[in-house]
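Okay, so here's the structure we're looking at.
Lettered A, B, C and D in written order, each chain numbered from 1.
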Amino acid sequence: MTRTINEEELESRAEARSRMSGLEYMQKVAAGEVPQSGMGQLMGFKITEVSEGYAVLTVRPDDRHYNGIGIAHGGLAATLLDSATGCAINTMMPAGRIFTTLEMKINYVRPIRGETGVVRCEARVIHVGGRVATAEGRVVDEQGKLYAHGTATCMLFQTR
Amino acid sequence: MTRTINEEELESRAEARSRMSGLEYMQKVAAGEVPQSGMGQLMGFKITEVSEGYAVLTVRPDDRHYNGIGIAHGGLAATLLDSATGCAINTMMPAGRIFTTLEMKINYVRPIRGETGVVRCEARVIHVGGRVATAEGRVVDEQGKLYAHGTATCMLFQTR
Amino acid sequence: MTRTINEEELESRAEARSRMSGLEYMQKVAAGEVPQSGMGQLMGFKITEVSEGYAVLTVRPDDRHYNGIGIAHGGLAATLLDSATGCAINTMMPAGRIFTTLEMKINYVRPIRGETGVVRCEARVIHVGGRVATAEGRVVDEQGKLYAHGTATCMLFQTR
Amino acid sequence: MTRTINEEELESRAEARSRMSGLEYMQKVAAGEVPQSGMGQLMGFKITEVSEGYAVLTVRPDDRHYNGIGIAHGGLAATLLDSATGCAINTMMPAGRIFTTLEMKINYVRPIRGETGVVRCEARVIHVGGRVATAEGRVVDEQGKLYAHGTATCMLFQTR
């Protein structure tokens, strides 16, 4: 059930985020009190854990996520990693402090398939500086087997 | 109109690709004679050009691709780049030679929004060796303005 | 003939760079009017070309650059790439605008050996924005054969 | 005191490595029984710890490692990271199994200076598969403050 985020909602979000820390905000998204992003809905992601410097997102891969050769497209793990590292960094941002991803890098170590079942990306902040933050994430299945890992670099801003 | 690719089709594809070069195969996908991947359909990608060592994929960003702050999620450009670099490398593979992505890296230089209109990822092969190939891609709008750029590394295999 | 850069010289450099554009500065380094960096001297790099958005550095690999298995250590091409992309970005900076590398990524496609002879890294700016710049470089031999390629992301600052 | 590794020694090394596991070999290098690589000597690296899947290399930065603006060149941490991740992967290789670096990626989070004192790169294997291995490393000072972090991807081979 896709719930679209309209202009009004975007503004109220930005406004909310200028009064609320990133951690409070992510907790509301995880609790379903704030609708997830369009991409999160499109992909079927769930935010299952957020704490200071840490976030976990999950997805159940199916053939919507497949590439042409019967395994999940690299974009699935890449989008999951980008989301999870962004959430982890968000949990470290005070009210009024936002960020944008500068770059992301992912290694694929095993193919993800429907049979893999739910995979989770566990992301941890590595460094938060004055202008830049970095985080890493690992995509694992329910047995902890590794499928992909990577890092992201974000630039930090003050909302006006 | 999502057309699902079932098990049977996957097998017939793998079989096709063992008799057909990557370029022939990509040309059939571009012509719509072979259905696009699940992820390509989910994201709304179009393959608009394929030639030896080169591929162009396009997408019209909309709020399904958005992150929580009103711009396209990093996963959109990442998935587009992964697809386009993979297509470019595929065009260099003879029949029976396939590959898998080892790693991908993307830099985001400007936010992509609905107003940006159609963006295209132009991907070019950098190197094809005996076991590994690399390619780069740039995501630009219709005026050629740059939004993201990156590279991918693939490992090459022989189908049995 | 290693010429050390002492504290005094560093200050006079920073001062010079606050009056001089990055391009003027790099041209002076290329002309030998300003001593090269310690690392450039240690590695034996030469800056052979600088123009707007472009720089070429060369090195003749020998066994000082080797790893334990008889080929040049990955650090040789990495250091050459980091230098060349930095030079290319520097050529786009007005007086008083400096930068620092946020991250760098390199792909190795062939081993570099002493027999390879002089290799050059040709670096080009990809994007210069308000706060961030990116550049790419390719390490090739005198016949243009590719050995390594990569990108760097720099953050831009104003000298006080 | 640079001790050059000649052709004969290289051959005896390759031969040694075909009978000895990577861990045994790295322990001999760490113990000074096998001379370090040319690059390790040029940079002044020391291998201070090796165990299964783990390696630590150190360096005392000085003005030989500097770039043009009074801080250590990005190539110092990049070369240290490439060495340390390579050592960590080597410790997981049985006799006769060698590897080459496919790609490396490094993030710089703080400038390294002479005053920083000895820095160490602690590298850990992330994944060892049939054909590819990945490892990560962090460059820290003696207080554990982070200066750089990154990952490397290696391709595995059988010596003939």
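What we mean here is this: contacts are C-beta pairs under 8 Å (C-beta built on N, C-alpha and C of every residue); 3 or more make two chains touch, one makes a residue touch a chain.
None of the values given here were measured: they were computed from a predicted structure.
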Looking at where chain C touches chain D, is over half of the residue numbers used by both copies, so same, or under half, so different? same
Comparison of A-D and A-C (more C-beta pairs in contact): A-D
For the interface formed by A-B, which of the candidate pairs B-D, B-C or C-D is equivalent, sharing more than half of the contact pairs by residue number? C-D
Between chain A and chain C, tell me the centre distance in angstrom, where each centre is the average of that chain's C-alpha atoms. 35
In whole angstrom, how far does the Cα centroid of chain C sit from the Cα centroid of chain D? 22
When the centre of a chain is set as the mean of its C-alpha atoms, what distance in Å lies between chain A and chain D? 32
Show the residues in chain C shared as contacts by 2 or more other chains, in ascending order. 102-103, 105, 107, 132, 153
Partner chain C, residues of chain D touching it in the complex: 2, 4-5, 10, 13-14, 17, 29, 36-43, 63-70, 72-76, 78-80, 82-83, 86, 98, 100-108, 111
What residues on chain A touch chain D, complex-wise? 105, 107, 109-110, 126-127, 129, 132, 134, 136, 146, 149, 151, 153
Under the stated contact criterion, what part of chain C meets chain A in this complex? 102-103, 105, 131-132, 153, 155
